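A, B, C and D label the chains in the order they appear, each numbered from 1.
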Amino acid sequence: MENMKGISRRTVLRAGAVVAAGAGGFVPTRFAIGNTAKVKVGFLLPYSGTYAGLGEAVTNGFKLALEERGGKLGGRDIQFIAVDDESNPAKGPENTNKLVTGENVDFVVGPVHSGVAMGMVKVVRETGTITVIANAGAGAATGPLCAPNIFRTSFTNWQTAYPMAKVAAERGMKNVVTMSWKYAAGEEAVAGFEQGFTKAGGKIAKQILVPFPQEEFQANLTEIAALKPDGVFVFFAGSGALKFVKDYAAAGLKSIPLMGPGFLTDGVLKEQGAAAEGVLTTLHYADALDTSENKAFRGAYRKAFSKEADVYAVQGYDAGQLLFQGMGTVKGDSAAKADLIAAMETAVIKSPRGTFTLSKAHNPVQDIYLRQVKGGQEVVLGVAEKALADPAIGCKMG
Amino acid sequence: MNTVLPRRLTIALLLLLAGLALFPAWGPLAFAAKYTFLLQKLTGIMILAILALSLDLLVGVAGLVSLGHAAFFGLGGYMLALLSPQYEAASLWVALPATMGAVALAALVVGFLAIRTAGIYFIMVTLAFGQMGYYFFNDSKLAGGSDGAYIYVKPTVEAFGTTLVNLESKQAFFFVVLGCLVAVYLLLRVVLASPFGRVLAAIGVNEGRVRGLGFDPAVYKLVAFALAGALAGLAGFLAATQYGFVSPAMLGWHQSGHVLVMVILGGMGTLFGPILGAFILELAHFGLEAVTEHWLLPMGMLVIAIVLALPKGVAGLLLQWCGKKGDGE
Amino acid sequence: MDFWFFLIQVLNGVQYGLLLFLVASGLTLIFGIMGIINLAHGAFYMLGAYLAYWLARTTGSLSAAVLLSLPIAAAIGYAIEALLVRTLYRRDHLDQVLLTYGLILIFNEATRMTWGADVHGVPVPEALNWSIKLTDTLSYPAYRLMLSGVCAVLAVGMYLVISRTRFGMWVRAGASNRDMVAALGINVKLLFGVVFAIGAALAGLAGAISTPITSVAPGMGDSVLILCFVVVVIGGVGSIKGAFLGAMLIGLADTFGKVFVPDFASFTVYGVMAAVLLWKPRGLFA
Amino acid sequence: MSVSPFLFETKGLTKAFGGLIAVNSVSIGFREREAHAIIGPNGAGKSTFVNLLTGHLPASGGHVMFRGADITRQPAHKVARLGIGRSYQKTNVFPSFTCFENCRLAAQSLLSTSMRFLRPAASYREVSARASEALERAGLAARAGRIAGSMSYGEQRQLEIAMVLATAPQVLVLDEPLAGMGKEESEGMVGLLRDLADTYTLILIEHDMDAVFAIAKVLSVMVNGTLLESGPLEQIRASKAVQDAYLGDGAEAY
């Protein structure tokens, strides 16, 4: 008992020391003005919880891009500041504020989660901090809420789904069931597919939305089996994607083609195993892209982090390229915002995914690839849609 | 719990309050560039402290452990979002009473159903209602669904055509929130000393006996539930005003659990304890996060250490110290 | 409604319910006998899943992994009871809530530090990697059937242990009147330690055997935990029979909710719980 | 129908827990300002009877009448408001409140409602006065400022009575007020109860026969949930049936 007390007291002390150390972190920082000061780049990414792996990949990709280019932005050294956004939308504004107001960063890079992105956009629209969204596909960020200082190097949910409609129609599908989690990203993707598919003369047999993030799909799989559609289009990512694909195969539905945005297989393909065989996906990137840029990128990434690169790493990498080009044009003068933004708007990014430019809404105009799992490997079948731009409905820019 | 605090403690708390109120004076000197951010951080913590205070009325005083309290917090935020015209400001004089009224009404309905249960069942029923609220805003198109909703322009505080306080000013908003925190604290102190508060506190200790004395506990608990709900709604209203953004996560059980931890950590039923709890938990989070990305680990250890070492929370420790040394009773 | 369609949906609901029961039974056992609200219960579910994933990769056999992860989960459970939980029996329920909340944070982060943040899957063992064809498109996976079988056997086993053995008598005594357990002259310390270990092992087992049909990821225990609380409360705290019934109810409500009222799918589970508690404020069997 | 001679009475009052009948058709009448003791061996159903009388348990059958009105279905708090105050077998005070606060809370029943939020409870003079009066009467005036949980057991039992008094009842239902008290403490309590018997209608459940005979004028004897006999002290003392069933059993009861 006495001993127990001793331990707990020590734990308290140690924890106290950590807190004190943390507090020490915000002693007055010297505030230097001019181009000689370091450029501050803030990462607003998940470093804990379910999406931590994605946050890490974006960070790695970004750092790799800059290291390959001399480790400087417009000739200035870089200071990275990372904030764990915890994938918690409720804390989105506060965590953004930590970077923007607390650290006075010059640039914000992030986030993964669309909900966090919405909170972030709210803050940076007010402060005018130049922000690069390196994953979150929420259409609104480059739609109704677009702003001169907000860029995206990833995709919109619509972009990743719309091209699949053409593929489905070309393959003779008439009747398709769509399914997703009931949250913004999924609903936007499903809407994109449905828009394209009905335009091509197809029919949506049923739209199934399941509560996010529940992963019990059996009831819906049985429903799909009963509907006997020509194809099934789904939006799932991460652990949900892993589980859905496995359940789909186990339920004996493999005879019905399964389609979806590439997140259905990316990052979880190995774990899905044979269940993923034949799954058709569309995405703005594929690990197996046979281009010299991609091979060089993947090699460098593997060497630097002893890990395979993925689409998130590419998006982070391109965010790094975008800032590098912009800062290069203004020679490191991050205060010249208008020039900087103009330079970024016109940037041509030689991405591992293929070269892309930005639309007026600051979203990539990019090729969307059609991919299929064959023999446990993601195989690129071709380009589903060339230079696809998000319609950016509601964006009043440009 | 005694309604009068030992003098030493009162002095210590007043000194802390003064330090907080004067932050805009000493903050810029001590923290330079980080001042504005810290000002906002402190404002955010005070908002959570109001939420923790309101929960303490239920958990610490009336013995009603609610794991769905954040639903009222979130509802308060959403009310502001719904009441704000898209590109204009809502008037605080309309929006705030409407918000608190609506949240109190919602709390009354939930409370009416939940108060029939007790103990762990009450915890679970409140959790269930909280989750229902979460899914309501997550699934419906009413206010942006899972994306959340924006409040583009902060509410105005005007009287006879002149602006009294400009909430867009971070410093002014800091003082508004500080004022609300002090006001809610004093209000709850007054309420606790009132006949109502005495009955409520007695219910928390021994509900059956209160019934035997001729009071219907259900009614008192219901009123407390509505009052706590309305105050949580106020906190939600302020939170939504601060960043102009609301999302369903505000209503979720994680948020409810987080606030419950603040209350227990700080010391239940003491009112000032939960405020300290909010500050300790949030600042520890802030500090640990700066040191390691694995901050959840030391955070968990800190929570466990406090449970083991401080059974009555931080407030219990303070009361013990001051009770021994001070002029006490 | 097509007969087979209906039948499979019932199977789906029952199977989901059985799995929930396995996790929830440990939770209700721990609360019933020890009076502890163990928020960390979901963490044991996660731990079981991670152990199974890790051991399946090292040993190459899922069944070996499941069998190995059981004693490990039990040992960790026993250690936590002896080191931490034991100091809190005389304290308020809320202190235990806080302690086990702290444990969740530690477990989640420790898991991430050990196994990384990636999502993992475990392949279905070859012997069970087939489906029973019911109609031309409807079929039922064999592994899920086996899973239901294991859960059902455990449920029956638990029923027998509780109704026929001395240990079961203590459990029943504890659930109806906690003071009585101490009065029966039992080594309470040992009993509590064992109960906690059994609870942890049950949750761990549920996590381990469900790996082939779920994804192994940090925080996977949290959503399961909430559902299990719903189950326990519907059934009546401390009642294994209640937990079984509650789990079935939730499994079926969730399944049919998704099929018939998809727009309110997230409400169904919580709606059922609210309705049960308004009708019987102390659960079905309390 | 003639007017009942009783202030408070039960008619065929019955309570069954599942198959077990704890109180079986008990009819007892209590006259105004009468000290009435209910005795019987353990398990006779006395405590259940008290709980039925005060609305703490719902009756399975029969009626409880107060001033001619049927109050059988009234919940406990309404029964208390009618002027039927009760004390509990197990000490049942608010341990974290001071002695005075315990009584003041009870005295708040003087207010038409306690749904008053802004004025301090301490500032209601008539409430405080009655609380003081109750403490005085129970002999605890000197203890007013003590935290109830820190007082001696006997004092807490006294406080229990003081709280009932502070609700200004007409009927006092006291469930074993002497339980667990030492000899000296008991004597003090008996004195207090005798004193109270002059002003209130007293219903007393008690095992201590010395105390019962010292306080009560009327006795009712319950055995196995049924009323064996009810009548004036002397009648019961003389009753053969009672002696056989209860009093005669052991000298220790007397």
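As a convention for this text, a contact is a pair of C-beta atoms (placed from the backbone, for glycine too) under 8 Å apart; a residue touches a chain by one contact, two chains touch by 3 or more.
For clarity, every value in this text was computed on a predicted model and none was experimentally measured.
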Innermost chain, taking as reference the mean of every protein Cα atom displayed: B
Pair with more cross-chain C-beta pairs in contact, given A-B and B-D: A-B
Geometric centre distance via CA averages, chain B-chain A, whole Å: 34
Between chain D and chain A, distance of the C-alpha-averaged centres to the nearest whole Å: 72
Approximate Å spacing (C-alpha centroids) for the pair chain C, chain D: 48
Approximate Å spacing (C-alpha centroids) for the pair chain B, chain D: 43
Residue numbers of chain B (touch at least two other chains): 135, 138-139, 294, 296, 301-302, 304, 306, 308
Multi-partner residues of chain A (at least 2 other chains): 4, 48, 182, 211
Touching pairs among all chains present in the structure: A-B, A-C, B-C, B-D
Touching residues (chain side chain B, partner chain A) in the complex: 30-34, 36-38, 40-41, 44, 135, 138-139, 144-148, 150, 242-245, 247-250, 252, 254-255, 283-284, 286-291, 293-296, 298, 301-302, 304-306, 308-309
Chain C contact footprint on chain B (complex, rising order): 59, 65, 113, 116-118, 120-121, 123-125, 127-129, 131-132, 135, 138-139, 253, 257, 260-261, 264-265, 268, 294, 296-297, 299-304, 306-308, 311
Residues of chain C touching chain B in the complex: 31, 37, 84, 87-88, 91, 93-95, 97-99, 101-106, 108-110, 112-113, 226, 229-230, 233, 237, 263, 266-267, 270-271, 273-274, 277-278, 281-283
Complex interface listing, chain C residues touching chain A: 2, 5, 8-9, 12-13, 15-16, 87, 108-109, 112, 116-121, 123-124, 131, 133, 137-141, 143-144, 212-220, 223, 254-256, 258-259, 262, 265-266
Contacting residues of chain A [partner chain C, same complex]: 4, 48-53, 56, 182, 208-211, 213-216, 218-220, 222-223, 225-226, 228, 238-240, 242-243, 246-247, 250-253, 255, 267-268, 271-274
